[in-house]
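Take a look at the structures below.
Two complexes, one shared chain (subunit A), two partners (subunit B, subunit C).
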Partner chain A sequence: MKIIKNALKEGRTVLSEHESKSVLAYYQIPVSREILVDNTETLMEALQEIGYPAVLKGCSSEISHKTEKGLIYLDIRNENEARNAFDKITKDIGGLKGSVLVQEMIKGQRELVIGLTRDPQFGPCVMFGLGGIFTEILKDISFRLAPLEKRDALEMMQDIKAHKILDAIRGMEPADKDMLVDILIKVGKIGLENEEVKEIDINPVILSGSKPVAADALIILEKPNV
Partner chain B sequence: MDHVMINMRLLFNPGSVAVIGASDNMSKLGFHVMKSLTNGKFPGKIIPINPGSNTVMGIDAYPSIKDYKGEIDLAIVVLPAKLVPDIFKECVDKGVKGSVLITAGFKEIDDPSGAHLHIETANIVNGAGIPVIGPNTFGMINLNKNLNASFTPEFSNLRKGNICLVSQSGGISHLLGFMAMGLNMGFSKIIGLGNRLNIDFDRMIDYLMSDSDTKVITLYIEGIDNVRGLIDSARKNRGRKPIIAYKTGKGKVGNQASMSHTGSMAGRHELYRSAFDQAGILSIDNTETLLDTAKAMSACPLPEGPCIAVLSGQAGPSMAACDLLESEGLKIDSFTGKTQEKINELLPPLALRTNPVDMGPAWYDSDAIQEIIKAAMNDENINGIIFLMMFASANVDALKGIRETLIKWQQKKPVISCILSPPAIWDEEIKELEENRAIVNYPTPERAAMAMANLWKYVLIK
Partner chain C sequence: MKKFFYPSSMVVFGVADNPRNLAKNILSNCKNMGFSGKLYAVGKKPGTVHGLNIVDNPNDLPKGIDLAVILVPARYVTETIEVCGKKEIRRVIISTGGFRELGDESSDIEKDLLFAARKYDIRFIGPNCIGIICTDSKICTPFTPMQYARFKKGTASLIVQSGGVTTQSAYHFSDEHIGFSKIISAGNKLNITELDLIKYLIDDKDTEQIHLYLESIEDGRELIRLAKSSNKPVIIFKSNVSHAASQIAKSHTAALSNNDKIVGGAFKQAGIIRAKNIQDLTIAARALKLPPLKGNRLVAISLSGGFSVILGDACESYGFECPALPRELMEKIEDFRRGGVIRMSNPMDFGDIHDIKALVFTLERCLALNYIDGLILSFMYEPEMAKMFGDGIGSPEQILRFFKKICQDTNKPIALSFFSVREYIEEFKRINTFPVFNDSVESVRAMWMLREYWRLRKG
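After this line comes the complex of A and B, so read on.
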């Protein structure tokens, strides 16, 4: 893929959030609608397009943990808030190469993680688990080797302790398991078809109603062995 | 079937076996291998190879395999590593079909010369399509053919059966073999893969799938290079025969230097476990449960559902069994009305008559116990039976009373038991019941319950 080749050519092994999501979108994995802007004029155009509430994030391949660095502004409701957030982000990014990502605010209380890691012996392995802040705290996750069959994808969802989060709970719709199966299979496919992809984190995958949407993503590359 | 697979059949079923390095000297492994073959009553031809003596253990010996005129199917090699390439060249020339290479000193040693020797040796046999078990192995045993090609003659004391153990460790093979003797378990083969010159887990699984002597495959794994091969082989054969695996080496955690959460949480052990699930291999995490599960799989059909009847001579043991069954996802549901009526006729309302059934009030009445077992066996809601009975002086004849019912049933649904007496009193009767496929017995109610739970777990993943 061009995005991957270009990044490696530039000597980068990290794709920015926007680049990472472009890779996912290429594989028809649902991602949040978003536009990259670098001045207030394009910011206003983007907000018109995306609508409110919106999310503004610092976006750079040099930043991989945006939350810790205070580069995410959620629930932006008007132009004023957007301008303020834009100014703060551009100031904080400072000298780093990057711009600001204007994103639709995905609403949903359930956050999942879907990932990929390339193991020297097992090859590309797909991960599924609880997302957001719970990923690291609870480590409620499961793995399957790529390529995944539908059965594998269904079983790995059932394997996590909190699998009931996918059911109809507390008035929420049950998760669209067919869509999740499809995403898991496709993440495996990205690993199989792109040797340079070392790791993928899609965290969180937010359940918007029943539909999973990739709200944030990170792809790590490695130079293929020649 | 490829050439190597055809030769594998002869490796495990040879008409003639040469022991290269056979010896009358007890301090040599070649002595113990000869003893294994002779004590194990190998019915084919045994050909000791030793340039220094005319006979070994009273059998005519030859200076080299070239000097023996007949055919040699299997060559067991116990000579020092540096001699192995030349020996294998002779084997190729002679048309030997397979080898067990007990010798150590290949890629497992620190010195890089071991790895070179490994490759050199592999190239010789690979060209000729000769399968090699080893190097650095205790050997292998094919019990159904009275072939003990190992340096431990006592493996021949194992009962013949349908469980095969494929192990990466000689120590664990000995441990499991000796434990199995105490559990009265029957084996088809025990195979020490050692350092896998050209036969790894994947080829072994392929072979065992078509081995009519083997019904259950157990694996002991420490860590292998070609793990994808093992998984692919198991996936390809999924559902054909149960594969149960015990993998040690949990310690290694994920890649801490990883920049993503996924990378840092993907420990090697988690990946093994996931891959086993994905390939329909049942993961077990200790030696005891590995054998217990294999024992149940070897005699029992797989349960068609998760509902278990717990029938106990005493209430306490049934509580222990029920706790474990339920925590492992099995169900202890109600009997059908018909079964319950029957049990109510047989037991006074002094104890729990619904599932689990406390047969305490009938403990001296084996007719009643027999009828309760029959009713549960034939209950359409019930997919398996856990039967628990502790000895008491007053019920010393209980097993005699229920023997016929149990034997007649022949495990049409799994019947797993914990029948226990002080040493010797019921031992022979229990053994006879096991050998007649009436029960699979365990020393504790928890182990009996766990064996049942693992039968059901396998149904879910296969």
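After this line comes the complex of A and C, so read on.
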């Protein structure tokens, strides 16, 4: 893929959030609508397009922990808030190469994680689990080797302790399991078809109603063995 | 590969006529167990061990011996491989330790060893292992004296990465009356790996189940592919999952620690049953002799109220359902009660029923229900009571034959355990015509393993 090749050519092994999502979108994995901007003029155009509430994020392949660095502004409701957030982000990323990502605010209370890791013994393995802040705290995750069959994907969702989060709970719709299966299979496919992809971290995958959407993503590359 | 297990001749390198020599135990183990092939001993000095002359000049060996076992210091292993090559020996077990398990993985000594083996087209098991025990050919290559008379023949075969776990598994499978066909201690897996051994066992006619103890997995993808292709159940006890264990494993069999959650997921994908310890392997071995368990719905029966409660808890914790049974059937069973005090449900407390006919009736009727997939029974055994039962199911042999027949007729499993004196339970296990589990909770775990096996099988 071009995005991957370019990044490697530039000597980078990390794709920015926007680049990572472009890879996902290429494989038809649903991602949040978003536009990359680098001045207030394009910011306003982007807000028109995306609408409110919006999310503004610092976006650079040199930044990985956006939350810790205070580079995410959620629930932006008007131009004023947007301008403020934009100014703060551009100030904070300072000298780093980067821009600001204007994103639709995905509404949903349930956050999942879907990922890929290239294991030295088992090759590309797809991960599924509880997302957001719970990924690290609870480590409620499961793995399957790529390529995944539908039943593997269904089973790995059932494997996590919190699998009931996918059911109709507390008035929420049940998760669209067919869509989740499809995403899991495709993430495995990315790993199989792109040797340079070392890790994928889609966290969170937010359940917007029943539909999963990749709200943030990170792809790590490695140079292929020559 | 077959001649590793069925050699018609075997030579041991590193034998000496002194009490501290270990290699000579390999010869006595084989002889004592009843290995009928021709044996040779090679050592530095002439002498006699176990009635064999030690050959001090390997040139005197005949050509083309089927198998060599090498237990000489690590620095002499490569030259011993050269000797084997020149003597047209193509199969070797290298028992010697002191290779990658001691440090630098790519030690020169290993490279030399692999180079020499390739040069002469030699395949070898090990190094750092105790080789093979086969209850059929009676080959027994561990270098410590074995209690060979305890080994029991069976249809399970085991591939084990550690020597100590190899001998313990041989004893434990025998003591549990499951027995084994072949046990292979694979050691550092430098040339022949668990994958080669699995391939052999998949085709071995005496092997019905393949059990493994692994500390490391080098080629996970191939392991998964092989397990998927196997019609024989594959059960793996994978250790080295913690940080602490991986420190020992590094100095043990040069194991790399695999991400345990990846291993767990991969095993499920391949239909591999994962065991927690050696005892767990034996539970799986017994469970897999039962007819298939094709669903989650069980009837649990005990002749004790307490054990029916225990069974109920265990069933729930393993994700089994104990569905309500037809009231009409319950009433018929209730008619057999003595005191008329216990209302029948599922799990079923048979404490008030002392009539074997009632039990037969209940088992047959429950297993005939199309929404019941299997049955768990915690039975009481007391010889005097059994005589009262009469009706051709008074003796342990008759009791087991009876359960076997019901399982065969219905093609549904019964996981059977007894509450009784330990020696009676052992007696049932010894008869071994139908699986008997050590206690009620173990019988539920057995059903879970059986369920996993049939659930995970693809196609």
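Definition applied: the second predicted complex is superposed on the first by the 226 of 226 C-alpha atoms of A that agree within 3 Å, B and C clash if a C-alpha of one lies under 4 Å from a C-alpha of the other, contacts with A are read in each partner's own complex, and residues count from 1 in each chain.
Basically, a contact is a pair of C-beta atoms (placed from the backbone, for glycine too) under 8 Å apart; a residue touches a chain by one contact, two chains touch by 3 or more.
These numbers were taken from a predicted model, which means no experiment stands behind them.
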Clash or fit: what happens to subunit B and subunit C when subunit A is overlaid? clash
Does the superposition put A:Met156 against subunit B (first), subunit C (second), both, or neither? both
For A:Gly123, select first, second, both or neither according to whether it touches subunit B, subunit C, the two together, or no partner. both
With both complexes superposed on chain A, which partner does A:Val55 reach: first (subunit B), second (subunit C), both or neither? neither
Does subunit A have more residues touched by subunit B or by subunit C? B
I'd like to know which partner A:Val113 touches here: subunit B for first, subunit C for second, both or neither. first
Contacts of A:Val181 with subunit B and subunit C, given as first, second, both or neither: neither
Applying the touch criterion given at the start, work out whether A:Ile141 contacts subunit B, subunit C, both or neither, answering first, second, both or neither. both
Find the residues of subunit A that appear in the contact set with subunit B and again in the contact set with subunit C. 117, 119, 121-123, 125, 141-145, 152, 155-156, 159
Show me the residue ranges of subunit A that touch subunit B in the complex, using the header's touch definition. 14, 64, 113, 115-117, 119, 121-123, 125, 127, 135-136, 139, 141-145, 152, 155-156, 159, 198-201, 203, 218, 220
Touching subunit A in the complex, subunit C uses residues 217-221, 224, 256, 258-259, 261-266, 268-269, 458
If you look only at subunit B, which of its residues touch subunit A in the complex? 225, 227-228, 231, 255, 258-263, 265-266, 268, 270-271, 274-275, 277-278, 461
Over in the complex, which subunit A residues touch subunit C? Could you list them? 117, 119-123, 125, 141-145, 151-152, 155-156, 159
